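Got some structures for you, see below.
Both complexes shown next keep subunit A, but they swap its partner, so subunit B is in the first and subunit C is in the second.
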Partner chain A sequence: MKLFKNLIFISLAVFLSLKAQIKLDVNTIPNRVNVFLDGVNLGRSPIVNERIKPGLHKFEIKKSGFAPLSYELLVNPAQAVKLDFFLNPIYEVKFKTEEKGLIFEVNGEHRWDVPLVRLELEAGEHFLRVFKIGEIIDEQMITVDEPKRFNYFLQKPLTSD
Partner chain B sequence: MNYILNNIYKIIPIITLLMIFSGCSFIRGPVYPEIIYNNRQPLISVTYEYGEIELILPLKYDAAIPDNILFKVYAQGDTVHPILSILQESPKDFLAYLPQGVLDIQNKTNIVKIIPQDSNFDPVQVRFKGIRFGRLTLPRKTIKMGQLVVKGKTFLNKNDSIIAGASITLQNFDNIINTTSSNRSGYFQIAIPGEYKYAEHLRIVAGENLIFKPFAKKLDFKESRKKNLNIGLGPSNDLKEPLYMTNKDNVHFRKSPEIGSETLFLLKEGEVISVDRVTPGEYFGFIEVLLEDKKLIQLEGWVNRSDLRLLNFNNIYK
Partner chain C sequence: MQNYIWFILLISCLFSMSQEPTYLVLNHFDQEIPEAEKSLIKSFNNSKFEFNESIKNIFLDLDDFDNPASSHMDIIKELGAEHKVNFILLNKIEHNDDRFVLDGLLFNTRSGGLIHRRKIDLKQYLNGQINELIMWVGNTLGVQQKDWQENRESILFSDPEEIEYEKTPMGAAIRSLIVPGWGQAYSNKKVSSKVWFGVEASLSLAFILSYYNYDISVTNFLKNSNSYNTTDDEKLVSKYRSEAESDWTNHIKYSRLAIALASATGTGWVSNSIHAWVFGPRPYTNIYQEWGSSSKLEEG
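Right, the complex of A and B next:
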């Protein structure tokens, strides 16, 4: 009898705690990626009918071939919240030049000096700087939206194959 | 060129060995060791779905139903700005849909004000604790007609001095509906349910606990639910002393002192007579009669001496 009462109490507590929460759905593009909520793995997307409490929460998504995503959301008290994450892909880009004695730098931190290099670049814009004998001789924006091969000619806009 | 062609069988193995040891990078170039991010803001879509609050307030009408009712819903203790105002014909259940999150779900600071569009009804309000969303059914609220109120002062007609502790009753026929008494300042306020608004035989009786004849007046609330009525008790200043009072009911007030003379009135106990002349067995004097137009007149007549006693203003309570 006591066990029965305890079971009822626990069921009621669980029901009330669920009622105080918000329904959570998470979609990702691409799907079938592990979604972490506040460090806890919710499983692979799409996530349906999960529960979340109002307040600040952190979502993290990592998938090979895509930029890792970290997103903090202050969840409002609502009936349901639905999140769609569009992961940013990483493309392989070949960068080639026939110019001699140049040093290339992307986004102020990544440098190389070889005439042909293969880069893994997050989709979007990147800032390219070209140095020669310690001086900046060229600056350009690189837009990456697919796997590409860039050819660099001194002080000319980048061309791709 | 001829040299290359002549030695091609030597060059091919060397290139093959180079490719084996250096991998594809020999042709495709080296791989930069890190992934280069641009920290682009990811595309994220956040969609909230808010629920509704279905607020139900069952109503019950007592005796009468107002034509229309204005409902106002206030939330979170704000009694100035209603979140909803609805004027509708008096419903059986008040039903309103509110957006999620507007109500206080911790305390009873949300209010439904019910304002009947009828002067016979007083506004009432219901305080309640809200929910986040879903259906909320409040306890049934009864809408009653507003109370009928009589207020005023009791005073002595003779000198306008205040009479404290005079009993006040409201009666329908002879049924007492409510009773009170005037306070130290002579002030009284008495209320009865609104259902008596159209009662034909409603009256106020004051001073039954005094030695004087009680004051009685028919009441009519058809025009207004509230009445101010200052009640004068006892004889007026116009009655000259000495003053006597009847000591029992049905005292004969006669036209002349002779035995068998015409009886003008039968006086109740407490009727005051201003005695003017005296015979061995009879007193001649004046009584006051209040006419319907509130005019007070004096009538003369004879009363048996044994039916009277001298009026003592030092103790007017029974």
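Right, the complex of A and C next:
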């Protein structure tokens, strides 16, 4: 009889502790990405029917070829939390110029003065700035939407097709 | 930061007259999203919408509460009773630099509790906000359309491993390995295509001619040697010997020439394929100085 009471008590405790937790689903694009919750690997996405406690949590999503994502989320008490993370790909980009004496800068971070450089940039828009003899001579946004080569010219040729 | 809060009454499946749940949808955007109303109406044409911008500044501080659901229970119940809806769907769209965050919360108006929360966080999702909003509202209502998913995939940047190009450097190399110059023509490099084809065709022809002459020299040498061995006539012996010696010299000359030409043809053939790969079709964008001239991009 005592054993039976203990079993009921343990079952109740387990049920209540599960009840206090929230159902967690994590989807990512692309799929099959390692999802870390507070440093613990939950496995590969999609994560279904995982449990999470209310409070502040840190999600980290990592996949080769994509920019890693680190995200802090305050999980409020609810029946279910569903998270969708979209990883941004990293593309290999070559930047080439035949112009002399130019210095290039992307996003205020990467700077170079050689005719050909290879960069790894996150997909999306990037800010390009061009210097000559210490002065800015050009500023424009470039869109990186695939692995490609950018050729920079000071003037558009008259006979271009 | 600008705050736009739109009050939308969405009554699901109004025309079916069934006991489908009804929703009050509240959209809170930090930036104006053009065409949002029109897109929602178009995507859920079985539902009735009423737009009202009179409700402002509720749920803005949701994450500041330890228990946001219970903290807003009274408001949720009041809104539910006022609009006679079963659920309240709150969509918060925020832009943080180049990141786009869609926070969706589903409340039950009977209990006032938060029953579902969905968060989307992504970088540089250009023009994808409306599609994500529609997908989330559709997900809550149990409606999913294939073109929403396709639209999402078309907007998102492609996985580098899944990008397929119509023309590739490897395709050019293989073509040039089959026919010299074909890979260059495939890459729209017509001059180098003609040069490679001309060079390889000339080398091949020269090799064939050399081999043909070598073969004739060998045949004649054997024939003259045989005649030399079988004749007793002094004049003919001298003639056959002289011709056989000449054939021997020619056979060595053409043999060496054929070997050299075969090597040159083979090396040129492989070089032509490597050239086709190095200068093969690759995507590029030409950027021209924007300051002081009209900016134009050329892509290939």
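In this text, the second predicted complex is superposed on the first by the 142 of 161 C-alpha atoms of A that agree within 3 Å, B and C clash if a C-alpha of one lies under 4 Å from a C-alpha of the other, contacts with A are read in each partner's own complex, and residues count from 1 in each chain.
The rule is short, and it goes like this: a residue touches a chain if its C-beta (ideal position, glycine included) is under 8 Å from a C-beta of that chain, and two chains touch if they have at least 3 such contacts.
Worth saying up front: this structure is predicted, and the values here are computed from it rather than measured.
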Under the superposition described at the top, does placing subunit B and subunit C together on subunit A give a clash or a fit? clash
Contact-wise, after the overlay, does A:R118 reach subunit B, subunit C, both or neither (first, second, both, neither)? first
In the superposed arrangement, does A:A67 touch subunit B (first), subunit C (second), both or neither? both
Counting residues of subunit A in contact, which comes out ahead: subunit B or subunit C? C
Would you check which partner chain A:A80 touches, where first means subunit B only, second means subunit C only, and both and neither mean what they say? both
Which partner chains sit in contact with A:V48 here, subunit B, subunit C, both or neither? Use first/second/both/neither. neither
For A:N151 in the superposed arrangement: first (subunit B), second (subunit C), both or neither? second
Stretch of subunit C, among 115-123, 169-177, 187-195 or 223-231, that runs into subunit B once the two complexes are superposed: 115-123
Which subunit A residues contact subunit B in one complex and subunit C in the other? 67, 69, 71, 73, 76-86, 88, 90, 122-125
Subunit B partner contacts - residues on subunit A that touch it in the complex: 23, 67, 69, 71, 73, 76-88, 90, 94, 96, 106-107, 110, 112, 114-126
Listed in rising order, subunit C residues that touch subunit A in their complex are 62-63, 65, 67-70, 98, 105, 113-126, 152, 156-161, 163, 282-291, 293-296, 298
Can you list the residues on subunit A that touch subunit C in the complex? 29-30, 54, 65-67, 69, 71, 73-86, 88-92, 122-125, 128, 130, 137-140, 142, 145-156, 160
The answer for subunit B against subunit A in the complex is residues 25, 28-32, 34-38, 40, 42-51, 100-101, 132-133
